[in-house]
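Chain nomenclature is as follows: A, B and C, assigned in order of appearance, with residue numbering initiated at 1 for each chain independently.
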Amino acid sequence: MARIEFQHVDKRYSGAEGLAVNDLNLDVKDGEFLVLVGPSGCGKTTALRCLAGLEDISSGDILIGDRVVNDLPPKDRDIAMVFQSYALYPHMSLFENMAFSIRMRKAPKAEVESKVREAAQILGLEKLLDRKPGELSGGQRQRVALGRAIVRDPAAFLMDEPLSNLDAKLRVQTRAEIARLHQRLGTTIVYVTHDQVEAMTMGDRICVMRDGLLQQVGTPQELYEHPVNLFVAGFIGSPAMNFLTGRVAHDGAAAALALDGLQITLSGRAAAAARTCGDGQTLTIGMRPEHLDVATAHTSNAVRVPVLVDVVEFLGNDALLHATVGGTEVVALVPVARGVAVGDRVELAIADDLVHTFDPQTDHTLGNTAAA
Amino acid sequence: MTAVAAPLTTPRQGRRQGRLRRLFSRSTVNIILVVIGLLWLLPSFGLLVTSFRPAQDFFSAGWWQAIAHPFTLTLDNYRHILQTGGIGDAILTTALITVPATLLVVLIASLAAYGLVFLRWRGRDWVLVLIVALMVVPLQMALIPVASLYRSVGLFNSIPGVVLFHVAFGLPFAIFLMRNFYTGIPKDLLEAARIDGANEWMMFRRIVLPLGKPALASLAIFEFLWVWNDLLVSLVFLSGSSHVPITVAILGQLRQFGSNIDLISTASFVSMIIPLGVFFAFQRYFVRGVLAGAVK
Amino acid sequence: MTAVPSAAAPRARPIPEVRTGRPPRRGGVPRSAVVVLFMFPAALLLGAIVVYPAVASVARSLYDKNGNTFVGADNYRTLFGTSDILVAIRNNAIWVIVFPFLVTFLGLVFAVLTERIRWATAFKTVVFMPMAISLFATGVIWRIVYETDPHRGVINSAVGTVVDVIHPPGLYALPNIKPISGVSGAADGSMVSAQTVQPGGTVRLGLTGIPLSAVPPAAQDARAAATVATAISGLVWRDFSPGGHVGTIDPGEKGLPGLHLNLVGADDKTVATTTSGNDGAFRFDGAAAGTYHVALDASNFRTAFGGVNWLGTQSLTPTSSLGTTGQALLTIPLVDLAAIMAMLWMWSGFAMVVIGAGLAALNREVLEAARMDGASELQTFRYITFPLLRPVLIVVFITMIINVLKIFDIILALVPDSAQQQANVIALEMWRIGFGGSPDYGLGSALAVFLFVLVVPVIFVNIRRIRG
């Protein structure tokens, strides 16, 4: 068991222009399940590979436990890794695959046997130990990759998109399996994914990256409720948050957002944020689709947005409305009972304390800065 | 591309064309290919039959006439070769050159290809370019200097000298072939092994070498046939030796082609048996090697 | 975007400002040592037996036979001034021009045709098999195939069968047959009566050099021909008997039946034909007035096909009027084509397999789309398949060029000593000069360097292929 620290870590690939990882500072607590998430090319996999020792870092320090491991080869870092492709040795049986690492460490035969059996039992692979990887289904291979890591009994598991080669149903199952495994073993896990749903459901904490830069670290709830900038706000949550950008218009105590010839009256938190802006300054408001609903006579303390409905996607209990306000698309998740049809002009409403506000110049969140 | 507009045919024409095509694609092609196949077999078959005939028969009638009179065929030529032993000794010499050369090429090339694919070092790309360039350097370029070199270190007229020459000139192609195969091995596998605690040698021995088996088989067959069938290298570096490989041994008989035809044909056929056996047993790997060496 | 939030990891310890010790040592063994470990055996052998000697050859080519005297480019001048070497260069040129085309073409045809048959594997095995046989054994095999005597060589036997059907050998295809009385031989192989004859006249044509066993068994004793007023009649007979006289019909002398005779007018046109009877008598009826010759048609004496000397020194181009150098450069010897055939037998399988793999790798849907667009099978091949296959064809072509430049064994094994001078190639000449009776290492090295220069373009093509 160990905590892991990145301290001012830079990684520059030779020949590449920018930094693949730019001044990364990150502290993974002992036993924590930390997810690195971000779009492809954001540096999350590079950070993981630096941690594994598969890449040298350009500057900074990486610590596992209390050791600086910068110059240690992978095998001496006491970590196990699960690869996206699983990287099972195709010419070895499952048993040999799982035994390989401890055999490399010259473990006695009996220990190899018992450790592999134990891992196989945890993952329900006992009956397949004589098979070769080629004879297994995708899900089974995935479990072997996990088993190979378990056998090591390492200080930390590193997982690089381990679910991306599975179909949707299996992915959900395996997600739960890995979570269970984490509870059972209590080992630190650093997990890389581009899928924010995976990140939200699995991580104790999530670290969002973009262009080599860390954007925000926090629990799923913190990220959801208090994104620090436009990028995190748009990346976390599904369907993605709606953004409307307009100019602030002050009218005495009240504030409004002017866009495309219509005025949206702001109230509550949003109005407070607008008040910090000068008259005519631009402001972006963010509204999660699931927080929007069709306005009724009883709606109060809400920001109202008049829209034209383009498409209605039926999801069962709810319907997903694709609508436009001015030239901007707005998505809303509303109960089917609202009975909205294509071509309707409706007024969408959102509780004013759920409205996020951003400065479009800096992309930073205004007013309600997250407390991680 | 004007021709694309053509097939605006009437139904009847269409039917006739269809029938024609069917005829062409079935019987005609089959017949043509059967004939070509037989033609291709004919020369080797001629040698085979000739090797079972007494030398004087060669002058009186063609081998195809001997098939009609099977009783004129005889095992005497083979019996003779076995008894006198010269050809047996030559086959043994060929094997003593071929087997070590094949093993060495395979071993050294897999090592070097590993170094080119999985190790990162400065100048690696240039070494690859050099290897590709060396692939087509004619071995004539080396004959005279290596002959001098061998004379000074006592390798002239020795089997190890011939073996080393074959290995050296086999290496560029062999390294290239293995490199092409190794680049297809997912890097993840090696990284997994590295995290599992394997050092470079272990990764080579336990991961890359076993995975490379198909390529190794192709390469080994290639090299085996190449060296077994060589004439020039042995002619230059071994012709002064009392033990010469089969090709050099037969060359000495060619001056009296007609009167020595019994010996020549029999020895030639004997020299073909092992490579043909290897070919038929491992044709799949041989074809794969040909393709890997050619396309890429 | 520079939004690093306040949530950044706490700075737990002071960070050393200066980074040291890169690249790191891995597992105790320095990385460079590992590289050396893997590369050393190959580097040693390639260096000692390929690279160093290649450089040494270039240097050696600038010295004389014994290596004592620096002679500059003299060896290269000798190279292009010696007709034997020019012959070798010319032959390599013929090989390079002819062989790659033929082998690629054959390979393409085979690859396309085998796509339509069920026993493709068997066919491919048969055609590919010669690849496993040494060039040397291939030479021996084809030397038997090319035997000149149609009774021994299968090609000449086949050619002879065809020739003998088109031009059957005559009834009197005898080596020693000759005219002896009343008739004389002509340049075209026929025999013509010594005297002219007019309607109502007779001629007697006496031949000799015919063994009794060669006279058809139906032949009867010769009799002088009876004169017929409106016809030209005569006799053709074996004018030979012990104690007999030339020109007279001695007792026991046989008429020669079955001879084809032509009546030739004054303008050398044949106006009538006939065949001699069992007693050797013949008659041309109804000849118009005038003077004629009687001729024995050349077909009577035409010998059976004797075989082409495929491995001989004859040329396909008439060059006898040229000087030595001209001949060396411009002759196309038949033996080259014979050797090319043998090499085709060996390498067509290679071309077929490589091109076949290229065909198999083509996207079937593209071909089907072309068919849907209305292209015929031939058009699909011409406009879709062929262009898509071109890279593969080029690979085969280049491989064959290299192959043919280094050709050696097959010439030595296939071509008899008597014609090897005419079939000489660079590699063979290099071996002769460098390792023959009186080795000349200087000239031999120059020839090797010349061979190397020829493959240099291929090196660049290959490197571009690898990098691109």
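Everything that follows uses one rule, which is that a residue touches a chain if its C-beta (ideal position, glycine included) is under 8 Å from a C-beta of that chain, and two chains touch if they have at least 3 such contacts.
Being a predicted model, the structure only gives us computed values, none of them experimental.
Enquirer: Which chain's C-alpha centroid is most distant from that of chain C?
Expert: Comparing chain centres, A lies farthest from chain C.
Enquirer: Can you tell me which chain is nearest the middle of the complex, judged by mean CA position?
Expert: Central by C-alpha mean position: chain B.
Enquirer: Report the inter-centroid distance (CA atoms only) between chain A and chain B in whole Å.
Expert: Measuring from centre to centre gives 56 Å for this pair.
Enquirer: Give, as an integer number of Å, the spacing between the C-alpha centres of chain C and chain A.
Expert: Comparing mean C-alpha positions, chain C is 72 Å from chain A.
Enquirer: Can you compute the centre-to-centre distance for chain B and chain C, using the mean CA position of each chain? Integer Å is fine.
Expert: So the centroids are 24 Å from each other.
Enquirer: Can you list every residue of chain C that touches 2 or more other chains, as numbers and ranges?
Expert: Residues 27 of chain C each touch two or more of the other chains.
Enquirer: Check each residue of chain A and list the ones that touch at least two other chains.
Expert: 73, 75
Enquirer: If a residue has to touch 2 or more other chains to count, which residues of chain B qualify?
Expert: 199, in rising order.
Enquirer: Chain B touches which residues of chain C in the complex?
Expert: 27, 29, 31-32, 34-35, 37-39, 41-43, 45-46, 48-54, 56-57, 60, 110, 113-114, 116-117, 122-123, 125-137, 140-145, 147, 151-154, 157, 345, 350, 353-354, 357-358, 373-377, 379, 382-383, 392, 395-396, 399, 402, 405-406, 408-409, 412-413, 416-417, 427, 430-431, 434-435, 441, 444-445, 447-449, 451-452, 455, 458-459, 462-463, 465-467
Enquirer: So in the complex, which bits of chain A are touching chain B?
Expert: Where chain A meets chain B, its residues are 52-54, 73-75, 79-81, 83-91, 100-101, 104-105, 148, 152.
Enquirer: Can you tell me which positions in chain B touch chain A when the two form their complex?
Expert: These residues of chain B touch chain A: 186, 188-189, 191-199, 202, 206-207, 210-211, 213.
Enquirer: Any idea which chain B residues touch chain C in the complex?
Expert: 1, 3-7, 21, 25, 29-30, 32-33, 36-37, 40-44, 46-47, 50, 58-65, 107-109, 111-112, 114-115, 119, 121, 127-129, 132-149, 164-165, 167-169, 171-172, 175, 199-201, 204, 225, 228-232, 235-236, 247, 250-251, 254-255, 257, 261, 264-265, 268, 271-272, 275-276, 278-280, 283, 286-287, 290-291, 294-296
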